[in-house]
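In the two complexes that follow, chain A is the common piece, with chain B as its partner first and chain C second.
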Partner chain A sequence: MYTAWNHRREALVPVFKEGGQQAMQAAAEELALTLRALTRNLKSYSAWHHRKWVIGHRLTSLEAEITLVETLLDADDRNFHGWAYRRFVADLMGMPVQRELEYTTRKIQHNFSNYSAWHYRSKLLPLLHSEPGVPAAADDSPSAAAERQAMISSSRAGATGALVLHQTLEIEYELVSQAFFTEPEDQSGWIYHRWLLGCSVAHWQAAPESEAERARLADVLGCQLALVSDLLDLEPGSVWARKTRAHLLGLMQRVGGAAGGSAGRGSGGEAADCVAAAAAWEDLEGLDPYRAGYYRHACSVSARASV
Partner chain B sequence: MDLASRYDVIVLGTGLVESLLAAAAATSGKTVLQLDAQDFYGGRWATLSIDDFLAALRPGQAAGATGLEVAGSTDPACIGESHAFLVDLAPRLVYGGGPMVDALLASGAHHYTEFKLLQGSYMLDSGDAQRLTSVPSTRAEVFASRDLSLADKRVLMRFLQRFSGLLPHNEGGEVRDPVPADTHDPVLATPFADFMTNTGLLRADLRATIAHGALLLPDPSLLSTGVVLDRLALLQRSAGRYGAGSGALLCPMHGGGELAQAFCRSAAVGGAVQMLRSPVVALRLESAEGSQIGGGAATVSDSAGPKVGASRPVCTGIYLGTGDDRQEVAAGVVIGGVAEIASALHLGEQMADAAQSHPDGGAGGVVHGAGQPCGEVSDGTAGGAGQPCGDASSCPSSEPERPRAPTLLRCVAVLDAPALLPGQDRVGVCLPRPEGPVVWMLALGHTLCVCPENRTLVYLWTEAAAERGARSVLEPALQAVLRAASGTALFAAQGAAEGGGGGGVSAGPASLLTAVYYTEAPSDLRPDALPSNVTACPDPGSDVAVDSCIASARQLFHRTFGEEGRFPLDPDPPAPDAEDVASDEEALEALRTALRTVDGTEEAAKENPDLGESGWAPPLDT
Partner chain C sequence: MSGVYWGATALHILGQPERLDKAQLIAWVMSCQKPSGGFAGSEKHDAHLLYTLSALQILALYDSLDLVDASQVAAYVAGLQRGDGSFAGDEWGEIDTRFSYCALYSLALLRRLDAANVPAAVDFLRQCRNFDGGFGAQPGGESHAGQVFTCVAALSIAGALDEVVDADLLGWWISERQTPSGGLNGRPEKLQDVCYSWWALSALSTLGRLAWIDAPALTAFILGCQDLELGGISDRPDDAVDVFHTFFGLAGLSLLGHPGLAPIDPVFALPVTTVTRLNLAAQRLSCA
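Right, the complex of A and B next:
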């Protein structure tokens, strides 16, 4: 079907180039057409792509697109096409990051089993609450938005370079723990938690000689381990909780192994962690045999790291 | 007023259940005459201005109230103009996906009603802490709650999942109505309190949160799990129905009396005739053999009444008015509120006895025997518990069909703040008590157009357990909630946010201006005192949600008119469906809306927790 869309696009190129009333009308017609196509199949890649192409010409109202996407996501908040489209439009519009962040917060409050919302959040946080990075600001003025758009576009590419602030991470850990205690079987929260751990580790990786960072990381890992262990007391069969615990033990092993020793975990902590991590992975093999290979691999990786 | 000489159905009173029956009868083609002695609709379910409310509380008046105490002033200079308030005699909520909404739609009465969502459900814990904690009833609310520890969230969720697991689901994962609770499944037969404990809710406060807070149950040890499942299904159908994350309960705008009035209008549309300020009504009775009681031939002749086991008399119609102006109207059946029926029966007997110059006379007092009401409508006797005459054992014939309706303790209060909690002027609070039944509370503000902007109406009610007056039970409860509300972190945060700049919607914690306490005794009627074609409709009772009235109305409809045929206020059964998956269906609807928006032919509704002027949207059909 995409060849037909392509053909249509080729025909439209000169029309759009002309600009003016004709072009706007044509654009509106294209949007109506894609809407009818989407009505029949909300997950049609071709229709979404065509729509993106049309609005990219900026001949139509982008606010209306946001309204459309919000309506769609209210009805089905896990449609990743909708979320990807929203990111695209937000980018195009230079939407303030704060507003988008609040949108994800709202969506998560309504239904936290929403991988797309957590994922979008993971893309936005580094833009707003990180060092170095775009300074936290929520102002809406068009010039600021345009300026931001330039900053966002460049820093989206370089987002991996930004370190999310510690206090932001604390808030996010608290939020996501509400999710996995309410519903331990829902993986979106756990995956976001994994990303948060990565953010915490990144601080130490950026300054490996800093004892302060290492200690802070060990602290965070210790807290999270206690939390997950509490959950396991209530739900011993939760595979994701066990996976996260094993992962945490593996991380603690590496952090504790650096110069300066392991803060507050007692002597021989390092070796104990190694054993504990290995044991945790072995338990998982039994509990979740479909992924036995993954667990065996993880076990061997953590064993190697301790040598 | 020109009345026909006969109506299929005569309805005495305009309370909610009898109005439901009037609407049902009218839409099924019967001729209906509906009368009310008052000059307002609703009877014991009415919504009234302050002055009318206080008048209705006088002894023998519409509310059936006794033991009235007023704390504070009802002077308009103090609280506000009387007509600026709309006070409910029977405050109620409506489940968003429940049988009342279905009935409103089926009867067309929804055109006359508007609602707003209840904004918050809270519980005041009965321990020392006395905090107001929010009650979660959905997974999203559990997630968002700031009052539950992480471990509590897990325990609650596990319970909810196991409990929901008892509901039958169809292949699409949608909840079906549970099987009627007379199955022999031992789990369903367990008292719900035990089921909660067995399923991990070991702490009393968590059990109270679920049973009283989320499910609005009075006493979980008295209800089987199977029966409570119905309530859970209702809750799941209602939560989120009017927008993602919205609550399950609706508040009627302009007061709960609007519901009764809406069904009256619907009955009128169906051809019913209604008359307020109707003159005095008495029932005209005939014995089953056809001879008229009291009008001529002697039947009831000795003071002990007819022999036990004599068949019940039949009501052939009513007398309207007294003396020379008296009109007779024939009726097929008579329906009415308990108080109205009791009064009409009593007057009928009085007239019959007066006509026969009977020495024992029914004038005043209480007389035994078939055809006589056993418990009089409460008329202001001290204690006001509506004690039955003599003791039950001296009354001949079988045990009553249903348990006695409870005596209620009620309070209506006015606060001098726009809302009980900041930003939430429609909240419900339940207060479980170790020493007695749960106290229920509703705080409703001007967004429902029931009071001025700077005031809040608060209702408290509970079933009376011991011989204590309304004020001694409810005043401490009210004070406890006000203290807890003023102490909540919400206010502290609000104060900080406003930076002490004043202005804004909520200026601070609410304080009490006026409180009116009273006891509402049930009007009672022994079922065997009723003629065979007379149906008495129940009083409001202590239920928080109004949906149980539909079941009562349905049952009474079938008892009165026979079992065949569908209850006219039930929704049409859904048409057999194609294989559309629910989420695609909703997405389609969403896109159609979006299409209209993009075309600019219709303003799309913005996300807004309040439902705006038109109240609520028709439910999505599955």
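Right, the complex of A and C next:
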């Protein structure tokens, strides 16, 4: 499978090196050929690679590739080869993060179950504010400016753990709640929601001594728990809402425990969170028996943290 | 080449290796080696890392690794590593975490892991880690059970599982691959398929979290994909059988401890007896 494309590349190398009209013509023909191969088999790794190899020579329009792959993803919106190809072309073009983010918003609003698009958002958000030329907000407080600066340096270093701004997280919580209120048993939004919760926790972990961050996190967790409880009132049978509730209770137990008695929460509240989290995981063992082993593990983690 | 590896390993799991002629098999494998040291998928094709690993796995299975010039093959494999730690599949530069697994595993079999820059290889795999704890084919690529298997196993060979993998998060994501059918899918909201019985399950086993899915339900799903007349296993019930799904179905059943099957190693995808004979080392996690 690879060998046939290897022979074509061997023949094309001198033509591309020569450049000019002939090279452009040859590249266009090659794109037509890979398109025919991909129409027969959209999962052909070797055909996708060949197309990337041709495109990398910059002899043809990159914007046309974006249009093509959007058509493909309209027909098959989870095709991971298509998404990978889009990222490849976007990188070559130096596409603004904002434009990519808008594309994922369109795909998600068209179909909340598009996990591939949620995934891509998780890659884009940490980059969002590290782009050159993004103007600082007029009311930029010193702490927000410091936060942005910290993010820029960590994403330049290629860290995957760059903090996502609080205000961005608020927008994401809103978007993902639309997804799980519309399709409560679709995994896509819920897995993304768990990542968002981790992003909120990361702010506190980055500043464990900060009472402001701790209080902010407690507030976010409280809001999300209220939202999930509303959903459970509407859809009492939603297993995913219950999983998220159990996870939220476990996080609240950690945050509450860190507050100690000083923030007006006695140890009684903390113990109650712990019992609630353990009970929520235990319920799931019966409701979702395939994953009982995981729930037992989560329950024992909750119990251990409370000691 | 990979088809031969699947078939030969399946027969070993079934305890019937004598059904293939060893001498003939080994001679054919060696006829696919190219002057570069790499192996091709068949005689007339070009060398590629995918087939180089399959060839070495077959030679390992038949205790014939001494037939290759280890330094030469190791130089071919290590020569495909890029500055960012990734590995290309061949000289044409396709990058994929599958090739990281092929490379590190091949070098481990050849006792030449030191020929590659292992810390850089680990760094590259870390870059392919995602928000859900899984791994993609390249940095930015969506998590997929097949890539999860190759990345977890590659990190296990590199001894860096504990540094890179969030085992609770990834274990949870894999446990959510089990659908109401009992079978496993490869990504959220996709159809179950027997091949994920190997890819998702082996990673769970390496992470010490095999108990996070329902073994009887998965066993029943795999057995339900067996063609009771032809004997093979298909991707889903009532589909046509093939050697690929037959191997992955048997390998999954073996990991689940199904009676009558020889145990398989979740990292090296060879019988445990072969891995023990070769004294291959890999890191495994346990669930605290």
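Keep in mind that, in the parts below, the second predicted complex is superposed on the first by the 244 of 307 C-alpha atoms of A that agree within 3 Å, B and C clash if a C-alpha of one lies under 4 Å from a C-alpha of the other, contacts with A are read in each partner's own complex, and residues count from 1 in each chain.
Keep in mind that, in the parts below, contacts are C-beta pairs under 8 Å (C-beta built on N, C-alpha and C of every residue); 3 or more make two chains touch, one makes a residue touch a chain.
Keep in mind that what you see is a predicted model, and the values were worked out from it rather than measured.
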- So, after the overlay on chain A, do chain B and chain C clash or fit? They fit
- Task: Please indicate which partner A:122 is in contact with in the superposed arrangement: first for chain B, second for chain C, both, or neither.
- Result: second
- Pick one for A:244: touches chain B only (first), chain C only (second), both, or neither. neither
- Does the superposition put A:83 against chain B (first), chain C (second), both, or neither? second
- Message: A:74 in the overlay: touching chain B, chain C, both, or neither? Say first, second, both or neither.
- Response: first
- Does the superposition put A:49 against chain B (first), chain C (second), both, or neither? second
- Query: Taking the superposition as given, does A:34 touch the first partner, chain B, the second, chain C, both, or neither?
  - Reply: neither
- Regarding the shared-chain residue A:302, is it in contact with chain B (first), chain C (second), both, or neither? neither
- Does the superposition put A:181 against chain B (first), chain C (second), both, or neither? first
- After superposing the two complexes, find the smallest distance in angstrom between C-alpha atoms of chain B and C-alpha atoms of chain C. 13
- Message: Per the definitions at the top, what is the overlap between the chain A residues touching chain B and those touching chain C?
- Response: none
- Query: chain A touches which residues of chain C in the complex?
  - Reply: 40-41, 44-46, 48, 89-90, 92-94, 96, 126-127, 129-132, 136-138, 140-144, 168, 171-173, 175-176, 178, 182, 187-190, 209, 211-214, 217, 287
- Item | Complex interface listing, chain B residues touching chain A | 139-140, 142-144, 150-151, 153-155, 157, 243-245, 583-584, 586-595, 597-599, 604, 607
- Query: Any idea which chain A residues touch chain C in the complex?
  - Reply: 1-3, 5-6, 9, 45-46, 49, 53, 78, 80, 83-84, 87, 113, 115-116, 119-120, 122-123, 158, 160, 186-188, 191-192, 195, 289-294, 297
- Item | chain A to chain B touching residues, read off their complex | 31-32, 35-36, 38-39, 42, 64, 67-68, 70-72, 74-77, 79, 109-112, 177-179, 181-184, 227, 230-231, 234-235
